[in-house]
Amino acid sequence: MSVTVRPLAQGDKAQWQALYDGYHAFYDRPGLPQDFFDRGFARLMAGDPHDYAGLVADEDGRLLGLVHYLFHAHMWFPEGICYLQDLFAAPDARGKGVGRALIQGVYDAADAAGVPRVYWTTQEFNYAGRMLYDRIGERTPFIKYNRPLDEI
Amino acid sequence: MSVTVRPLAQGDKAQWQALYDGYHAFYDRPGLPQDFFDRGFARLMAGDPHDYAGLVADEDGRLLGLVHYLFHAHMWFPEGICYLQDLFAAPDARGKGVGRALIQGVYDAADAAGVPRVYWTTQEFNYAGRMLYDRIGERTPFIKYNRPLDEI
Amino acid sequence: MSVTVRPLAQGDKAQWQALYDGYHAFYDRPGLPQDFFDRGFARLMAGDPHDYAGLVADEDGRLLGLVHYLFHAHMWFPEGICYLQDLFAAPDARGKGVGRALIQGVYDAADAAGVPRVYWTTQEFNYAGRMLYDRIGERTPFIKYNRPLDEI
Amino acid sequence: MSVTVRPLAQGDKAQWQALYDGYHAFYDRPGLPQDFFDRGFARLMAGDPHDYAGLVADEDGRLLGLVHYLFHAHMWFPEGICYLQDLFAAPDARGKGVGRALIQGVYDAADAAGVPRVYWTTQEFNYAGRMLYDRIGERTPFIKYNRPLDEI
């Protein structure tokens, strides 16, 4: 048995939703409405080059993790850049290299698209994540600011 | 005399290039080739909804600053999000509120597009910038990681 | 069997040295000379109120961890303050609550001395340590600067 | 006219207090009781090697700034270490190099004491201070944790 990283497929919806719900629970947003997942899954499957694509880590039909990524324009790089946004491994699948394999899957997809630059952001105190990111990525000195909005 | 924030216009190229060159010099990338500026300006003027737009701070025809911004898709927010990437004020125009006015200009453009969420990143040690950002934005705990690439 | 936190004692030298050597190896200073350990142990046992004291985590005679602490003057607090400097648990004793018990031991010693304030510093990327520190301490926004010295 | 850095002297009390009060106001502790200043000044003048000493920046009898420093033991360095705790320049004296001169004064005092290592901490968002510290000091990756205490 081994873990394979492959593009998200139509039949993955139930397992994908369970994982993505776990991801949002990690960020203190449990219980998002079904509509959120329906629309998100539809977008991931639509193949729009200006919208997100998804990869999953598949172990004999069981999905152990997911990642979403987006190619977008960048003023400095004419070929654009790849934003890795949502990365999640099932809690009971930790330690199998799922996170690393999913990030590598995005690197490979970025290479295939001719857009080798990939970036992501993470909370400074996401210690478990950063243990992995320090090995497979490079921390930059950039920090993120948001426009203050009451509703966020 | 007062400073007006307005969209970048075709006649702004020479002044825009001087400012954008100053911006890149600040990030230790002086002397970019003319082609970089030609292509960048053309993109900003093309009106592509998936590419950057630009605003400038104009004081009686003299450009005091620039900002570039991009709307891109976001998995969590169906309306998308606005990335403010390049912000620069001429060194001899500091203290006139140029940076603040340009950020406000992006906020207004984002509201007009129905995409109120705006974010940007900055180096942790960009003290002068952060003095402004702390007043007009909200620092998040997110830090940025890059894929390690030899050529970057 | 259980872990007890108690003051360092004369008979602990060999086990203390093995732990303290492991601590310095973690900070990329392996192989310190014997004289370093001899003098350090003598200082810890001397009972000088202006020098460090030590606690150890003892499981049936086996030392699983150590911590050193110092009371020093503070301009703002007439009673002084307690600096917790060296904290280390044997790698094969992780997960037993040794680090937490040692920090609590310093808190108790500080209370007994009438100097309840305790602080320490850690590298921002000491993720494993910070997982514990976030539970038993409070992160402050203070960062440390050093005088630049060639020999450090 | 020029700024001289010299040890705090008995006749400085009124000017020292005005500056130190300004320092505490910067850290959101305005209006400390007179007793706080009386005891602090007495400690600084007492010459206790285990307590703080003070330096002031003097321009023709007007005090423009102050700094306090403490030598304390350090487990790793037998000669001890110097903690620079309170640094303040009068707001209307900024830009004269007062802060830099005071830090250099502590470096010189540390050299004279045979304790060349000097450190200090500052809030991550003390941008004005860090502009100076990055030039005269070295940022370390160490961050500070406090014991949680209700009364602090």
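Should a chain be cited, it is by its letter among A, B, C and D, assigned in written order, with residues numbered from 1 in that chain.
Definition applied: a residue touches a chain if its C-beta (ideal position, glycine included) is under 8 Å from a C-beta of that chain, and two chains touch if they have at least 3 such contacts.
Small disclaimer: the values here were computed from a predicted structure and weren't measured.
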Path length in steps (a step moves to a chain that is touched) from chain B to chain C: 2
Same-site or different-site touching of chain B by its copy chain D, using the half cut: same
Maximum centroid distance from chain B, chain identifier (CA atoms): C
For chain A placed onto chain D, the superposition rotation in degrees, Cα atoms, nearest 5: 180
Whole-Å separation of chain centres (CA-atom averages), chain A against chain D: 47
Distance from chain D to chain B - Cα centre to Cα centre, in angstrom: 39
Chain centre separation (chain C, chain D; CA means) in Å: 26
For chain D, residues contacting two or more additional chains: 125
Chain-level touch network, classified as line, ring, star, complete or other: ring
Chains that touch, pairwise: A-B, A-C, B-D, C-D
Chain D residues touching chain B - in the complex, by the definition given at the top: 125, 127-128, 130-131, 134
Chain A partner contacts - residues on chain B that touch it in the complex: 39-40, 43, 50-52, 68, 70, 72-75, 78, 83, 85-86, 107, 110, 116-125, 133, 137-149, 152
